[in-house]
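Handing you this structure, nothing more for now.
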Amino acid sequence: MAVILKTTGLNKVYRLGSFTRSREIRALNDINIHVESDRPVIVSVVGESGSGKTTLAKTLLRLVEPSSGTATIYDNVVAGKGVTKLGRDFLGAVQPIFQNPFEAFSRYRPVDAYLHETATRVAGLDKAQANDAVAEALAAVGLDAVDVRGKYTNQFSGGELQRVSIARALIPKPNLIIADEPVSMIDASRRMIIINLFRKLKEEAGRSFLYITHDLATAYYISDFVAVMSKGTLVEFGPAKEVMSNPQHSYTRLLLDSIPTTRTRWRPRAAKAA
Amino acid sequence: MIRLNNVVARYTTVRGSINAVDGVTLEIPDGCILGVAGESGCGKSTLMKLIYGDVTSPMSLASGSIEYGFADGKGRAITSDNIRDVWFNRISYIPQSSMNSLNPVVKIGKQFVDFPGSDPDKKRVLAQVREYIGKLGLPAETLDAYPHQLSGGMRQRVMIAMATFFSPDLILADEPTTALDVVVQKDILLLLMDLQEQMGNTILLVSHDMGVHYQVTTRMLIMYAAKAVEYGDSESVFQAPLHPYTRMLISSLPTIGDDRARDGIPGRPPSLWQDLHGCRFADRCPLATARCRAEEPMLVEHKPGHWAACHYAGELADRAEAA
Amino acid sequence: MSDIRDTAVSPADLAASEATPEAKPVRRDRASWLWLLNTRLVLGLIIILIFIVGSFVLPFFAPHDPAQQATYMKNLKITPAHWLGTTALGQDTLWFLIFSIRNSLILGIFVGLGISAISTAIGLSAGYIGGAYERIVMLIVDSFITIPLLPILIILGALIRGNNNFFTIGLIIVIFGWAWNARTIRSMVLSLREREFINMARFSGAGTLAILVREVFPYVSAYLVVGFINTILFAINTEATLAVIGMSKVDVPTLGSIIFWALNYNALFTGNVVWLVAPIVATITLFLGLFLTSTGFNAAFASRRGVA
Amino acid sequence: MGVLQYVGKRVGIYLAVLFIGLTVTFFLPRLLPTNPIDAYIGQLQARANGQLTSEAIAQLRTSLEELYGLKGDLFSQYLSYLNRVVRHLDFGPSFTYYPTSVSSMILTALPWTLGLLLISTIIAWILGNLVGVVAGYFHTRRAATVLEVVGILLYPIPYYILAVSVILLLAYVIPIFPLSPTFPVGQLTPQMFGSIIYNSTLPALTLVLAGFGWNILSMKALAVATTEEPYVTFARLKGTSNWTRMVRYVFRNAMLPQVTALALSLGTVFNGALLTEILFSYPGVGLLMRTAASSGDYDVLYGAITLSIVAVATAGLIIDLVYPLLDPRIRHR
């Protein structure tokens, strides 16, 4: 059973204001997550804005320094003591997918430049191998290399561009892909294309995902484990189906009750007059 | 009764002009909550601007007319031309980006009375408002606070208070809860439903979230590529959708506790810059035939009080009944 | 959360979002150089070209070195021989003006290059590295912005009275003139540093230098062009200001020294108004040309970046 | 709580800027080859047409060094300089008008400069921003572009050209104002006030025109951006009039960055004021520096630049401290 993700006592405190009077915001409050499995998994981290789920993602991606505590992904220490060097081995193990695909690529560079760079710089492939790897990754997300070559961000729809971003993350065959709200900028009716893609990549390509979202329905649909966060603390963690069908923590229940589903109405309809 | 007669909203830009709303005919009964749904770019927000009378260049009401069916203080019937005089009096608007729709450097109270629709005796109005917002779950001193001192949920309540204080006949809410967390969203939606019940007026609610529509609306309008494709009572639209697009829209949403496979609608709406003919959903529709591509389906009443713009809507209705 | 990018808010967005993106690429390739042309830019470039070509080419045809005094009769009126008459020191006003424009432009371009180099290096590094380094740099920048440049130039002018030549004036302006541009570039880089594609580049294996050059620089380059032109404006203006009050090396013809001599030899009282009016008109036109070019570039770059 | 923090930070920067300014003006002259003492001795020798004996010169050198605190190593000079300037505002005596102290000369000239500078800057700021907000708010209409063109034509013109053109137009072509203004000196009496106003109209006009163009253009850009803000759109949907929206929504918000921009531009505006004073021989710090520079009275120069920095930094601080009163987001954290 490989340890996919383990955080112990992970804290992050933001100090606001000058030296005289400072207000503390506890973005991460003693987070302890332990995910062990021999098969690739999708772990969802759900919570509302300000719950700390994005800070957790950024900490694991080493974009934010934690105040204390440690975190490891497979055998890479990504936070706290003994952090492995921020080099090719870390980039090979952990890759991100960002929320807004239009912000994830520079407006002045063709989109496929990032794919080729990842292939050569991170995966360490030479020119020819890189082209194959890029084409293969694009095929895995249902795109053809020719549709992407030399094009700029404004020549894609949100959904297409996000798939290119996923393809880029696949190239170095990372142990864990951390997706921070990957579908919130995509049209509701086309989100499932990306969500189903995650499931397919888990099953066929053997990639594990950390899926950060405020949309519990998509979390229920694809994840194996769910972590519920509120105001910086981890309130509940466990197998997705179990947590969602009979939540233990009151906040999880409140969250589940508040979702406007199309199954049961909050208010029974008075007998319709017209 | 609000009646739309084949309204067309046109955008004229340097690259030419497109019809963001392309011929919508509709009768909206009084006292209902009409949900307007559809993918982004389908024209739902443009329709709202049209009905509200916020027609400024580059957008224009190219053809068709709107009859509002209510009058202003002096008994004059309201039409598209004089609608502006009754803004925030007989008709009001709740904007989408409510988070920053309040003037950041002016106190909330002042923003309640700085528009012509409100009563000139500002002190009296403010006293009434102070008492009114209590009913909406806002403390009285909210009026003396500045917008940045309020939470997102409270600011949205202020917007709703502003829009409902003069109990208008028609309220237009454009994605009122999009920027809010799901817990706060529920309170706001319930508040809107209560207010509508008390005032008995009509609310037009635009949202991209079908779940919100299911919970809140009594009637539903589905739009696709600037056309109205389905219109009817919410219950029947959700239970037995007549248009394939509505059906796919509803079935594409994952629901907790329901493990059926869901897949998004492939492809993309057609570009309004091309000249389109036939059914605009044909390219993405599993039931599309040659007839769909050639002849544009009209919005027809296939079942009592339930319209759909699809040549095969009738068969779908019978098949649904049979199942 | 709705598809925020697509949900229509302002009419311009709506027209764009109602149409799906395929329609845009066609416009982009055909019009790749078209976005550059707008009326301001064209007007500005024409004026600058006239000034540069005129002032760098014509001097080769000059009959005498205009700085040399008493080559002609004093205060001659406008004649076919002297299109703008002569000065009270017996110099041909027109040739003196042409040499002034050339010298001012030379100084402007050199100082512009110097300031652009320093301010880009400091602004880019301060914005990108951040932390204590940025705080210290920004403190120095704030104080340099607060220190009025003219008094310093007056002191230095007085102290090195004897051998202050054109080059030292330019050097002083560079030493004290880089703060404004550095501050602007730093704030641009600060906002860029938070952008997502910087993280994307980092996760694609790019090092700091690669990020600065390939990701940050294209966004900053737009301002560099505008900043460079503004610096030329600033440099010519500063030298001329010094010259007008006689603190610069006034025997070198510049747009400032020409007015210094005109004022000192009471062009107004002696009726030789042209000697004063000509440089005023020339300076206003040149500065207007530079300003139109810089705002023209700014508008062109803004529209290209989608920030109309 | 927010204001305390804001003020604390801003005063901190103010002190740091002053410190850096003083340090620069101290070290700047000392880095240059010539030593003011030799220059002074040179001038004394010229006055005494060469009769000074070598011991007299040596004795003179020590007394001058003593007088101007140039004794000892550089660092102790620096400390005594800071001590004298910060504690007693003492820059030593003026060389040419010995024994009047430098600081007294400057303090008589400073009110003139500040008077001219503050009045014209405030007028330019208010007029420019009002014209700018109208040009920005109605930017889609043809008429508004005329206002912007005024800004475009005025802004690039440097101070010295404006000054000379103003003299040309209003003192030569249409001689309403004196070609070379004369200012009463000494004690200010009421009837002198009239002539002061009359004579300082042209320099003031120059400064107003110079600031006017910049404010129009920067406010127009801000107003165009602010008009797109959601709260202005919502105000329109509430049926507010153009006037209410332009003043209470657009101007009220767009002027905040203009206040900060004013604080930042004081350095350049001060330059312009000094130059205008010299060209109009207006009895301010500028003229004082000009005469001190030509007569080689270095300590007056050092005093003048130091006080200019103090004046500009203080004005900037005051404007930044006014800012929280205008922006409730800082007043009420």
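In order of appearance the chains are A, B, C and D, and numbering begins at 1 in each one.
Quick note on the criterion: contacts are C-beta pairs under 8 Å (C-beta built on N, C-alpha and C of every residue); 3 or more make two chains touch, one makes a residue touch a chain.
Only a predicted model underlies this, so the values are computations on that prediction, with no experimental measurement involved.
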Which of C-D and A-B has more C-beta pairs touching across its chains: C-D
Identifier of the chain whose CA centre is least distant from the whole-structure CA centre: C
Interchain centroid distance [CA atoms averaged], chain B/chain C, Å: 52
Centroid spacing, where centroids are CA-atom means, of chain C and chain D in whole angstrom: 22
Mean-CA-position distance for chain B and chain A (Å): 32
Distance between the centres, which are taken as Cα means, of chain C and chain A, whole angstrom: 47
Shared interface positions of chain D, touching two or more other chains: 230, 233
Of all residues in chain A, the ones touching two or more other chains: 157, 187-188, 214
Chain C, residues touching no fewer than two other chains: 1-4, 6, 9, 20, 22
Residue numbers on chain B that touch chain A, as the complex places them: 29, 32, 39-40, 181-183, 185-186, 189-190, 193, 208-212, 214-216, 218, 233, 235, 238, 248-250, 252-258, 262-266, 268, 305
Chain A residues within the chain C interface of the complex: 61, 63, 88, 91, 95-96, 98-100, 102-109, 114, 117-118, 120-122, 151-152, 154-158, 165, 168-169, 181, 184-188, 214-215
Chain A to chain B touching residues, read off their complex: 48-49, 157, 187-196, 214, 216-218, 220-221, 244-245, 254-263, 265-267, 269, 272, 274
Touching residues on chain C, where the partner in the complex is chain A: 1-6, 20-22, 24-25, 28, 195-197, 199-201, 203-206, 214-215, 218-219, 305-306
Residues of chain D defined as touching chain B within the complex: 229-231, 233-241, 244, 248-249, 252-253, 256, 326-329, 332
